[in-house]
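The following pair of complexes shares a single chain, chain A, combined with chain B in the former and chain C in the latter.
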Partner chain A sequence: MNPFSYLEALRLAAPETALAVAALAVLFADLGGMRGESLRHRAILGAGITAVGGAMALLWLGFAPGYGTIAEGVLVTSPLTQLVKAGLVLLTLLVAGLSLDPRFTGHVGEYFSLLLLGTIGMMVLVSTQDLLMLFLALELTSLPLYVLAGFNKRDRASAEAALKYFFFGSVAAAFLLFGFSLLYGVAGSTRLPVIAAAVALKPPDALTLVALVCVVMGFGFKVAAVPFHLWAPDAYEGAPTPAAAFIASGSKVASFAVFGIVLAQGLGPMAGGADWHGFTTGWLPLLAVVALASMLLGNLAAIAQRSVKRLLAYSAIAHAGYLLLGLMALATPANRPAALAAILYYAITYALSTVGAFGIVAVVERATGSDAADGFNGLARRSPALALCLMIFLLSLAGIPPLAGFLGKFYVFVAATRAGDGSLSLFWLVLVAIALSVVSLYYYLKLLKRAYVLPPDGAVPATRPDVMEFVVIGMTAAAVLGLGVFPRALLEPLALAIQQAGF
Partner chain B sequence: MSTLQSFLIVSALLFGIGLTGVLTRRNAILVLLGIEFMLNAANLNFIAFWRFGPNPEALTGVMFALFAIAVAAAEAAVGLALVIAIYRHARTANLDAVEELKG
Partner chain C sequence: MTSPAAYLWLIPVLPLLAAGISAVLPRASRRWAAGLAIASLAAGLGLSLMAFFATVGTASHGAVAHDPRNFPWLSLGGEAVRLGWVLDPLTAVMLVMVTLVGLLIFIYSTGYMAHDDNFTRFFCFLALFAAAMLGLVIANSLLLLFICWELVGLASYLLIGFWYRQPSAAAAAKKAFITTRIGDLGLLLGMVWLYHETGTLLFYDDGRGCLEHSALTQLATQATLGGMGLSTAISLLIFCGAIGKSGQVPLHVWLPDAMEGPTPVSALIHAATMVAAGVFLLARMYPLIAAHPVGTPAETAALQAVTWVGAITAVFAACIAVAQNDLKRILAYSTVSQLGFMMLGIGVGGVAVGMFHLITHAFFKALLFLGAGLVIHGCHEEQDIRRMGGLRRWMPVTFATYAVGMLALAGFPLVFSGFWSKDEILHAAHGWPVSKVPLYLGLVGALLTAFYMTRQVCHVFFGEWRGGNGRTAGAATPHESPPVMTVPLAVLAGFAVLLGFLGTPAWPWFQAFLTGEELAFKPSKLFAWEHLSLLLASSCLALGGMALGWWLYGRRPLDSAESPDALAMRWPAVYRVLAGKFFVDELYEATVVRWHAGWARVCDLLDRWLWGGAVLALQGIAWGLSWVSKVLDEFGINLGFDLVCGRVRRAAGLTATLQDGRLPNYLRALALALALLLLLLTWGVKG
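Moving on, here comes the complex of A and B:
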């Protein structure tokens, strides 16, 4: 074993270190100098320090990226991990931009500090190949998210959302840990490549199958797939809106990335088959059932929702179903680079449109006092720019060209069709997914009809975003439109990075 | 039956008891206890696989268990804080009273 080099570790983990320093700086600055100041000033300082930390991390990721491996895979950095991390930092900065009006709390320093700590967890999550580090990073992501969901101490719904999120999350974490312990028993190691080699040796026995089910349950919770989705609608509705945006965006991207890494690099040899006329043992049939249930329940339950945040939660469940289709495409080794690029493109563009949509919900919520769909009536007359951005986000979520959501779906469905070496074994799921995308258009259009066709109810106060909210919403809308028209701007770096990472 | 197998059976039982507690108990504190059971079942697995595995000189299993204990402590701290938060509003830690959000 080589001697452990702390300098090397610091070089590879420099972006995370920058964020950790920023997290501490936010805490000290807010506790130290800002006690008597107004909430607004404290929030501007907090978001400012967050932005400085994030900018340092982004600069490091962009201009001095260190590639390497420490301690046999505990921390692995490659062009791919650095690209995903840059996306995660960007999403955090966008969420911080939505948090400048924190009327939900008096603890501004803690809020931004937890936001940064959660981001560090996500960044470590995507750059490790060791189960121990993976579990720690997952908890470092989850614990701040639970607290953020319950950040509004005056609001009962917020406490309730956090408690439900916490209970479902910790049971899922316990399942995941149990699964990891069995995988360790099977392989005698916690490193993903060693586990892959061990499960490739023999046909799956009872122990590996239990481990597999536990692992799928644990990650299924993180990505909010049916039947592990029960926390999502409550957590989205009860949590303060910027916190909900964070739960819905960054955590989703990181969870899907790490789920894909574990399935492809750790459990690749025991994929099995999910052909509609013949399931064979492995994780493909499991994911097929989960994906099918997520698409069905997510899309159908979203129709009945009156709260826009709940609607976004059910739409998130449906999108998790589509993304699971992409994960299933990872089972065919020849198909892996294209499938991974499709998943990441989909997840990142989805996260962008979700952050934007939550930004609009935050603005409307402030004007009308709730996130009920009625509050969106006549939005186009009150604020045409907001309504236009809302249309871009919702149509992208529904998958209408030329927006990014359409291409994301297209690439994921193509990857799923090509899975199984031309045997079209997943084509039945792709057909279901396309049919349900049409259903999803119905509830997105219903919300747009409120914004554009219905008159406003009575005397609704002016709906005006503040400057940073407007910048965030505008930027995400431009990104969703831009990445839809020029998908190569994201796809080419992704493909190159995946190739260099040796997938 | 080898020693390893008996350890695995004990840990599976422990996990089952914990899960049953989580699913049936209505008091938030007792649900937290059930979750601790489940985490510790996994820890027992790690120790057993390490002790009876092919290379006990690599301390992977022990290390994993130690880290898992620390994480479980952090999780319990957050969990109790959230239970207190809900208690302040509902004046009870009974989960049946926590049902404002639905749909």
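Moving on, here comes the complex of A and C:
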């Protein structure tokens, strides 16, 4: 075993280090010098330091990316991980841009440093091939998210959301840890390639099956798939809106990326089969059931929601279902690069639309005092630009061309159709997904109808985003449109990185 | 350093961006719109100059270097339609001219349109026009050229109809668009035919382009209808497009009406650049037009057609210009006539001859139009030259610059560019072996040009002020315009003089640049008899025309706006025909338009009774069917659909109630899920 080199570790983890320094700096600056200042000034300082840290990390990722492996896979960086990390940092910066008006708390420094710590967790999460490190990173991601969900201490809903999220998350984490320990028992190692080699050798027995279910449960919680989704609507609704945007965007991208890595690199040999007329043992039938349930329940329950944040939560559950379809396409080794590119494209563009949509919810919420769908009535007349952006985000979520959401769905469905070497074994799920996409149009369009067709209810105060919010919303809208028209801008770097990462 | 050809695409793209941005600017951001347009064109001018100087000296041994850059545009199956741009002397010259004249006119427009409400829209259209025109100039593909050609037409339509609230402007815009479209049809057919025969629309493509040797030989040797060479037939179709765009007889009728647009537009589009696009097209396609099999005379049928159309137009329009009273219309007919000269030049002397006149004309005609704009502005929107007079006292700068333009157009000997470029054409016509008639027509045209320009200047600038007779209340005296409008004029006037010295027979730099021949300074050539005789003849004609004009109009200026024209008093019948523009408009009105209207009426009747009846019958059937389907719908489908929708909504409610908000139940669900998934894996699947 090579001696552990701290210098090497610092080189590979430089972006994370930059963010960690920024997190501490925010805390010090806010607690030290800004006690007496107004919330707004403190928020601007916090967001500023966050932006500087993020920019440092991005510069590092862009210009001096170090590729390598430490301690046999505890920390692995490749073009792919660096690309995903850059996406995560960008999403964090967007969320920070939405947080300049933190009426929900007096603890601005803590808020931004938790945001940064959560991002660090996500970044480590996508760049490890070791189960222990993976679990630690998962916890480093989850704990800030729990706290962020409950950040509005004066609001009962926020506290309740945090508590539910925390309990649910702890139980799920316990299951995941249990599953990991069983995998360790099977393979005698916590490293994904070794586990893959071990499970390839013997037929699945009770031990591996329990481990498999536990792993799926643990990640199912992170990506909010049915039936591990129960925390999501409450957490989305109760959490302060920027925090909800963070939970819904960056955390989703990281979770799907790491779920894909674990399935492809650690559990690839025991995929099984999910043909509709006969399942065979492995993780494919588990994901098939979970994806089917997510798409069905997410899309149906969204129709009945009156709160827009809850609606977005159920829509997130439905999207998790579509994305699980993409993960299932990873089962066929020949299909892996295309499937992984499709998943990441989908997850990133989905995260962008969601951040934008939450940004608009935040603006409307501030004007009307609640996130009820009624508050969106006549939005086009109050604020045409905002309504236009809302239309872009919702139509992208519904998968209407030429927006990015359409292409994301298209690529994922194509990958799922090609899975199983031309046997069309997952085609039945693709058909269900397409049918349920049609259903999803119903609730997205209902919200758009409120914005464009219905007149405003009575005297609603003017709905104006502040400058930074407007910039974030506008940029995400432009990105959603731009990536829909020029998908190669993201797909080509992804494909290249996936190829270089050796998938 | 990479060749400027690599950046050539920026030249049209920058104004296009400016147009795109100002299209979405709010109406109040006038400075932005004008600034963007001017900046984009200034940048274009810089790039054009770079490209120009890069092309100087690249030619060798009578061949010009073409530097094409092509790229695939559309892939249809295995075939890719390729577009591209090309840098050669022709492109470079046109680029510099268009950007320079355009820039000056843009600057002038900021003053001229300063009081217009739609200033922003105006600059948006201007920039769009500049983008399209520049794209046309650099195009290395007939298809790209055609796309820009149509865009130029669109911009022209938008700008002629810029004051669309005036019915005359709207009608003129329509007329221009439809008339040029007739010619464009020919161009389109020619293009399709060319593609069918050669399989490419690229001009230069390393030996495979349609203007390069192998394609030309193939086209020239194949015969088609009536023994005509393929190249001739295609050239004639392409020439149709040039006739429409450059306002040649018989499609010239739109150009004078186009003067309804703002004056800078007339200067930019209908004098300097767009109308010259037809001539430019011929210059670009010249290898095809002039292609002939070995052993046949070099004067191909297509070139002869170009020559005759040009010569006839030159005289025809000059005659009309003699009897017009609208300041801008005189210039418009003069433009038509000068375009005829350019065509004649291309027909008898080749690219260099025609292009030289195109370039010099662009400068002095833009100068004249801008000057006319100042006159109109200064006289409170008066355009009738009979209601002007004596303006040289009030508008000295305008008068001086206008006089330079007028002398250049009239071909005043030796120091003005128009003299030299016209002389080139006449000289080439003199050497044309087919017929001497074009030469005589050209000489008559030159005489008439000098005459009508003198008449105009006498009316406008000399004599006594005849305006302000109650039609414009209050301060009716004319006034000079601000420097933002006069300075561009002065610059143009400078060019109108200097450009001539680039193409004198003694030192034909311009011709050598375009054709790639060796350049030599030979003053003796000036005094060779064949040159000298023509120089003398055209000088005499120009001076004679001016003297005649002075004798008729300058000696005894009009004493009031209503007194009859000197020419009309002597030959009333001739004057009536000329003032009526040979009644071409009336002829078209009586034939084409009336036939069209009649046919439209027949179609209308057919539509109303024959097809209308059929539609009514169908309607009855459809009503019956729809009634049946309504019954089916209400009692069959609807119930089912409502049922499904109701189910979906109820399912939504049900699934939403799964979420009861109680944490213990959530955790129970988790445990249940674990159990169920394990059961699924152990019993639900095949081993």
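Here is the rule we go by: the second predicted complex is superposed on the first by the 503 of 503 C-alpha atoms of A that agree within 3 Å, B and C clash if a C-alpha of one lies under 4 Å from a C-alpha of the other, contacts with A are read in each partner's own complex, and residues count from 1 in each chain.
Rule of thumb we're sticking to: a contact is a pair of C-beta atoms (placed from the backbone, for glycine too) under 8 Å apart; a residue touches a chain by one contact, two chains touch by 3 or more.
All figures in this text were calculated on a predicted structure; none of them were measured in a lab.
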Contacts of A:100 with chain B and chain C, given as first, second, both or neither: neither
Touching partner for A:237 - first (chain B), second (chain C), both, neither: first
Partner chain in contact with A:286 - chain B first, chain C second, else both or neither: second
First (chain B), second (chain C), both or neither touched by A:267: neither
First (chain B), second (chain C), both or neither touched by A:132: first
Touched partner set for A:297, first chain B, second chain C, both or neither: second
Which superposed partner A:181 touches (first chain B, second chain C, both, neither): first
Touching partner for A:189 - first (chain B), second (chain C), both, neither: first
First, second, both or neither for A:156, with chain B first and chain C second: first
Footprint overlap on chain A, where chain B in one structure and chain C in the other make contact: 163-164, 167, 171, 175, 233-234, 304-305
In the complex with chain A, residue positions of chain C that touch it: 648-649, 651-653, 655-656, 658-659, 661, 663, 666-667, 669-670, 672-674, 677-678, 680-682, 684-687
Chain B to chain A touching residues, read off their complex: 8, 15, 18-19, 22, 28, 31, 35, 38-39, 41-43, 45-46, 48-49, 53-55, 60-61, 63-64, 67-68, 71, 74-75, 78-79, 81-83, 85-86, 88-90, 98, 100-101, 103
Residue numbers on chain A that touch chain C, as the complex places them: 163-164, 167-168, 171-172, 175, 203, 206, 209-210, 212-214, 216-217, 227-228, 230-231, 233-234, 272, 278-281, 285-286, 289, 296-297, 300-305, 439
Chain A to chain B touching residues, read off their complex: 131-132, 135-136, 139, 143, 146-147, 150, 153, 156-157, 159-164, 166-167, 170-171, 173-175, 177-178, 180-182, 184-185, 188-190, 233-234, 237-238, 304-307, 310
